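Consider the two complexes below, in which subunit A is the common component and subunit B and subunit C are the respective partners.
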Partner chain A sequence: MKGPFELLIAFAVLLATLAAGYALGEYWTGFLARSVTWIFVAISFTVAYAYANVPSVAQATLFGIGAYAALWAAEPVAGNLLLLLLAGSLAGFIAALLIGVLVMRMSRIGASIATIIIAVIASLLGNATVPLTGGADGMAVPRVDFHVFGLPVAAGPNETTLLLGVAVLALLLGGIWLISQTHTWRVIRAVQQNSMRAQVLGYAAVKYRLVVFGASGAIAGIGGSLYAVVSQHLTTDLLSLFMSLKAITWAAVGGVATVFGGPIGVLLVQVFAEVLSRWTFRTDMFVGALLVLVALWLPGGLMSLLGRLEAIGRRDEGTLNGVSAVGGIAPKPKLRKDIK
Partner chain B sequence: MTTKISKRTFVSGVAATAALLPRFAGNVFAAPSGDPIVIGHQCELTGWDAETGYWRNLTAVKMTDWINANGGIAGRPVRLVTVDTKSDVDVGVNQLRYLMLEENVDFIIGSELSSIAIACAKLANENKTLYMTMSTGAVTTSAPNAVPYQFRMTTNSAAEAIGASQKYVDLVGDKWTILYVDYAWGQSERDWWTRGVEAAGGSVSNAVALPMDAQDLFPYIGQLDRSADGIYIPVLNALQALQTIRSAGLSQKIVLAGLSFSLFDFRELREAGEGVHGIELAPVRLSDMEGTQMPLVYEAMGIDENGIESSSGKAVGASMLVGITQTLGFLKENVEKSGWQTREDTEALIRHAQTVPTYPMGPLFPMGDVTLRPQDHQAFMDLYLLQVSGNELVKSERVPRDLTFYEPDVDLTTF
Partner chain C sequence: MVWQSLAFQVVNGLVWSMFIALVALGLNAIYGLLGILNIAHGAIYALGAILAWYVVSLIGEFWIAFFVVPIVVAIASIPLYHGILKHTIGKEMIVGLLATSGLLFILTDAQLALFGGAPRSISPPVGGAIELFGLVYPAYRFLAAAIAAAILLAFWAFLRFTSMGVWIRCVEQSPTLARASGVPVGKVHLIIVALSAYFAALAGVLAAPMTIVHYQMGMPLLGSAFIVIVVGGLGNLGGAVAAAAIIGVGRGILSVFLSPTYAEIAAIALLLPILILRPNGIFGDRA
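Right after this comes the complex of A and B.
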C-alpha cells in the first residue's frame, strides 16, 4: 500500500464528486449516487486481484448478492441502514468465502475461469428463482422508512444517498489505509507476493488469502446494499458476468494495483460514457478504446501516474544532488531487488 | 444516444417535412407552431434487443415527422428525444431519469424490455410523467406493476396466448411442448400459453427451460416431447433454436411466441423456417392487409409492398411499427381531446383516456380499431397469425381483438 498521498487523492475525488452532485442538479446527483455504489465493486475486484491473488470475474455477483440481502432484510430490520449494510457485507463475505474455498488452490488462470463459471451459474440461479429475486424483471425494494443513527434517509438516487455512499466509501478507504500500516498487512503482502515463501516462514498463506478474498466480498456486498437503497429495484442483471467485466474495466482504468484507484476508474469511465452518450450510441466502442489506451500506456492505471511522478521526482532530486556533488551526471541508482 | 436538435434546425426540419409529406391523410395542414410537445423515447438502440429497437426507433422518427407534417399535435410541433438503454436495466433507468430531469419531456415512449419497463414505470409514476410502455410481458400492466401513469398500446403475452391458442390447437393439434427461455418473459409466456391451450381443450406435455446464456441448444431440445403435435417457442435466440430443432430431426409444427418475427429477419431462417408460425400485430406484405392506412405508413417509412425497407433491405418488424404508431396515436388523440397543455394536465389526460373505449382505424391506428381497457390501461387489437411459406411471411388468419381479452387483476380507474 502506498503512502497517504493516494488516500488523499481518493478523498479529493470523493469530495469533488459530492460537490459536483450538489452543484449539477438532480439528474447528476442521482447519476453520481449510483456511480459511487459501483466504486465498491471496483475496489472489491482490486482487493481480490491484488491482495488475494484471485483474478475474480465474479465480484459483481457478490455485489448482487449483497444487494439482494439488503432487499430481503429491509423489512425485518425496519429500514435500519447500518443493519442493511451489515447484512450486505455479511452476505458478500460468506459468498466470497464459499467461492474462495473452491478457487484458492487453483492457478490464477484456473481461478479466473472458475469465477466466470460461478458468475454464470449465479445468474442462471437468479433467473430460475423468480419468487426470490424477481428474475430479469426484477423486484422492488420494500418501501420502508430507511434511517441511520435515528436520522431519516430518503431512498432513491438523491443528495442524501450520495452523501451516504461517499461517507461509507471514505470510511472504507480510510480503514483500508489504517490496516495497511499494520504488521498483518505486511504478512498479507508477503503472502500475495510469494505465498510459498510465506508458508515456509510459518504463515498460513491460504487462510490469509481466503480472509482477504472474503473481505473483497464484504466490500462488494456493502456496495450492493447501498445500490439497493439507491436504485430501489433489483434485477438479476446485477449478478451477470457482464457486470463483473464492467468492474474489471473500472479497476483497470483506475489502477488495479491499488484500492485507491477505484473512485477515479469508476467515475472517469461512467462520466465519460454518459457525456459521450449525448452524441453517439456507440459509447462502448469509445470506452473500449480508452481501456486499450490505458492498457498500452498506463498498464498500472491512472494511479500509476503517481508512481511515475514520484520516480521522476526522485530522479530529478538524484540528478540535482549528483550535479552539486560532483558537477556531472548522477549515476543510475541501484535498486535493491528485495524491495518491491 | 440522445438526439438533440437546435431550435432553428428543429423549426426548419418541421417546415421541410411539412412541405414533403402533406398528403398522408388527404389533407394539407398548417405547419404546427408554438412550444413543442416533447416526447422521450427510451429505446433499445444497442444490446441484444437492438433488432427490435431498430424498428421502434425508425417508426418513432418517421411517424413524428408525419405528425409534424400533418398539423402536429393540437397544432403544436412534436420534438422526439431518443435515448439508448443498451438493453440494460441500469442504463435504461438512468436514461429515463435523463429524459425526465434534463430534457423535461412531456411523455415517454418506454422500453420494450419488461425488466427496464417495470422499473421505469414506477419512477415515471412518481414523477407524474406518462409512460407508454412497449413491453409485451403481461406482468407489466398487472399487479403489482400496474401504475396510473402507464398505458400500453401494444399487445401482451396474455392477450396473445388467449387469442391465438384456440386457433393453433385447431390448426396444429392438442398436444404441445414448450421450449422457453428461463427468465421472466419466457416463464410468463410458458404459463399463459399453457393456460390458453388448456382452455382450448389441449394440453402441454412438457416445458423445457433454456438458460439465458445457453450456447449449445441440443441438450435442451433433446428433452422436448417428440410425441407432441406442436412446439411453442418463447426464446430470444429463436433463429438458432429453430435451426437446431430441425437439425435434431424434430418435424413438428412450430409456433414462435408473440412478436418474435421482429427479433430477426424471417428470411434468415432459410429452409428451417418453412412452415413456421408466429403471432404478430400485422402481416408483412401489404397484400395481406385490409384498409388504406398501412400503404401510407409504409410509404412514409420507405418500406415497399413486400415489407422490405428500401434503404436497408431489412424485412419490417411490423409489430414494432404498429405498436409505436398506435402509441403516438394515443398521445395525439388524448392531448387534443382532453385539452392537455402542460405536464400539469397529464392527470386530466389520463382520466380522459380512461373514458375512451375505442380508437377507430385511422392513420395512427392503421391496422384497425383498438380497444382500451381502463382498469389496467391495456389496449386490445386484432392479432395476425403468420406463417413462413416459400421464403415469404404470409398471413394465415386474423384473430379479432374480442378473443384476446382476459380478466384484469387491477383497477386503476380509482387512482
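Right after this comes the complex of A and C.
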C-alpha cells in the first residue's frame, strides 16, 4: 500500500460525501447513506482480489448474508448497533471462510467461476426460503430502538445513518492503513505476489490467503448490517450475481489495486446513474458503457491516475537532477531553438 | 408411478443438458482461446430467444428464426469483438470481466427497452408427443435436443477434421507458437467469438418454445453454464458436455423428490465436493 496520500484522498471523499449529504437535502442524504454502505462491498472485493488472490464474484452474497444476519439479530440484541455490526461481520467472515476453503486450491479463473456458482446457489436458496428471507418481495427489519454507546440512532436513510456509515468506513480505512504498516502485511503482499515462493520461505500461504479472504467477508458483512439499518427492508436481490457484478464494477472503476479506490468508484458510478435517471430510464445502458470505457482506457481505475501523476512527478524531479527516476541518465531537455 | 416420473425427469434433464452444453460450449471456447470470462454470454442467449419471438410474431414461421437469428447475432458479434473484446485479450482478468459486465448491462437494458419486462411465449413448431417405453414426451423437445446434439457433434468434427479446427486447437495450446507458425490468431479469435454467439443465440431460439421468453432469461442459464465448464474442466469441450449431462440428469432425478428450486440447489451443491477433490474439474487435467 502506498503512502498516506491515498488514505487522505479517501478521507477527503468521505468528508465531501458527508457535507453533500447535509447540504443537498433529505433525498440526497438517503441516497448517499445507501451508497456509503455499498462502499464496503467494493472494498471487500478489492481485499479479496488484490490481497487474497481470489477474484470473487460472490462479495455481494457476503454483503447480503451480513444484512440478513443483522435483520435476524436486531430483536435479540435489542437494537444495539455495535452488536449488530458484530453479527454482520461475523456472518460475513464465517461465510467467506467456508467459501475460501473451497476455492483456495483452485486457479484464479476456477476460483472466480466457483464463486459465481456460490452466488447462484445463495440467490436460489434465498428465494426458496421465503419465511427466513422474504424472497423477492423482501422482509422488513424489525422496528426496534437502535442505539450506539447509549445514544439513540434513527434507522432509515437519514443524516444520522450517513454519519454512522462514514464514521465506520473511516475507521475501517484507517485500520487497513495501520495494518498495512506492519510486518504481517508485508507477508500478505509476499503471499499475494508469489504464494509458492512465500511457502518455500516458510509462510503458510494458504492460511494467510484464507484469513484475508475471511476479512473481506467481514468487511462485506459490516456493510450489509449497515445497509439493513439504512434501508430497513431487505430483498434477496442483495444476494444475486448481478449485485456482485455491480460490486466488481464499483471496485474496478475506483481501482482494484488499492482499497482506497472503493469510495471513489461507488460514488462516481452511483451518482452518475442517479443523475442520469433524471433524464432517462436506461441508466444501466449508460453505466454499462461507462464500464466498457473504463475497461478499455483506464483498466487500473481512477486511482491508477494517481500512480501516473506520481510517476510524472518523479520523472520531472529526476530530470531536474539530470538523472531519471528509474536510475538511468535522463535525456537532455530540448532547447526552444531545437524545436522547429 | 415414481419410476415413470423418474424416467420423465431423466429424459427432461438430458434434453435441457443439450442446451446448457450449447451455451457452455461458447463460454468455454471464449475462455479457452481468448482468456475472457464472458459474463454477457447469457444475454446473447436471451437475445436469440427474443429475436425468435419477434420473427415468429411477425412472419409466423419458427424455422426462419431458427436459420436466420443465430446468423444475425453471430454477425452482430463481429463489431463487438473488434471494438471491445479484442482489446481485453492478454490483459488482467478483471479487465475482461469489467468489459463483458458492461456489455451485459448494455444488452440487458436494451432488451428491456425494446422487448419490455413482460414474459412472452412461442408455440412449439412441432406438436404432438412421442411415446417411448411407456413414457409420453413432447415431440418438439426431442427434436430440439437432437438438433443441439447434432450441432455439438458438428462442432467436434469441425475442430477435429478441418484446417480451421487445427488452427483453433493450436491457438488454444499456445497463441505465441501458433502465431510464429503462421496461424492467423486474430482471425481464429474472431471466428470463435462469432461461433460462440451463434451457439448461444441458437440455444435461445431452440429453447424459446419450451420456456418463457424474458429479457433476463439468460442469467439462470449462465449460472448453470459456468458450473458445467468448471466441473467439466476449463477449456475442455468434451468435459463440458459430460458435466452438462450430469447436472441436467441430476437435477431431473432430484426434482422427483424435492421442489424444483431445491432440486436445482441440491444438484449444484452436490457438484461442489467434486471441486474440492478435483479443483480443476472432473476432466480438468486433460484440458
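For the reader, a short list of remarks on this structure follows.
Simple rule for what comes next: the second predicted complex is superposed on the first by the 323 of 340 C-alpha atoms of A that agree within 3 Å, B and C clash if a C-alpha of one lies under 4 Å from a C-alpha of the other, contacts with A are read in each partner's own complex, and residues count from 1 in each chain.
In this text, a contact is a pair of C-beta atoms (placed from the backbone, for glycine too) under 8 Å apart; a residue touches a chain by one contact, two chains touch by 3 or more.
The structure displayed is predicted, hence computed values, not measured ones.
With subunit A as the common reference, the superposed partners subunit B and subunit C clash.
Contact with neither subunit B nor subunit C is seen for A:12 once the two complexes are overlaid on the shared chain. By the touch criterion defined above, A:120 reaches both subunit B and subunit C.
By the touch criterion defined above, A:171 reaches neither subunit B nor subunit C. In the superposition on chain A, A:275 contacts neither subunit B nor subunit C.
By the touch criterion defined above, A:154 lies against neither subunit B nor subunit C after alignment on the C-alpha atoms of chain A. By the document's definition of touching, of the two partners only subunit B reaches A:130; subunit C does not. Counting residues of subunit A touched by each partner, subunit B versus subunit C, the larger count belongs to C. Touch criterion met: A:284 reaches subunit B and subunit C at once. Note on the chain A alignment: of 111-119, 237-245, 363-371 or 399-407, the part of subunit B that runs into subunit C is 237-245. Where the contact sets of subunit A with subunit B and with subunit C meet, they give residues 120, 124, 127-128, 281-282, 284. Listing the residues of subunit A that touch subunit B in their complex gives 25-27, 30-31, 34, 120, 123-124, 127-128, 130, 134-138, 140, 157, 231-233, 235-237, 274, 277-282, 284. Those residues of subunit C that touch subunit A in the complex are listed here as 31, 37, 39, 84, 87-88, 91-99, 101-110, 113, 219-220, 222-224, 226-227, 229-230, 234, 259, 261-262, 264-265, 268-269, 271-272, 275-276, 279-281.
Note for the complex: subunit A touches subunit C at residues 49, 55, 101-102, 105-110, 112-114, 116-117, 119-121, 124-125, 127-128, 241-242, 245, 248-249, 252, 256, 281-285, 287-296, 299.
By the touch rule above, subunit B contacts subunit A in their complex via residues 1-2, 4, 45-46, 83-84, 86, 88-90, 93-95, 97-98, 101-102, 114-115, 118-119, 122, 137, 139, 144, 182-185, 187, 209, 211-213.
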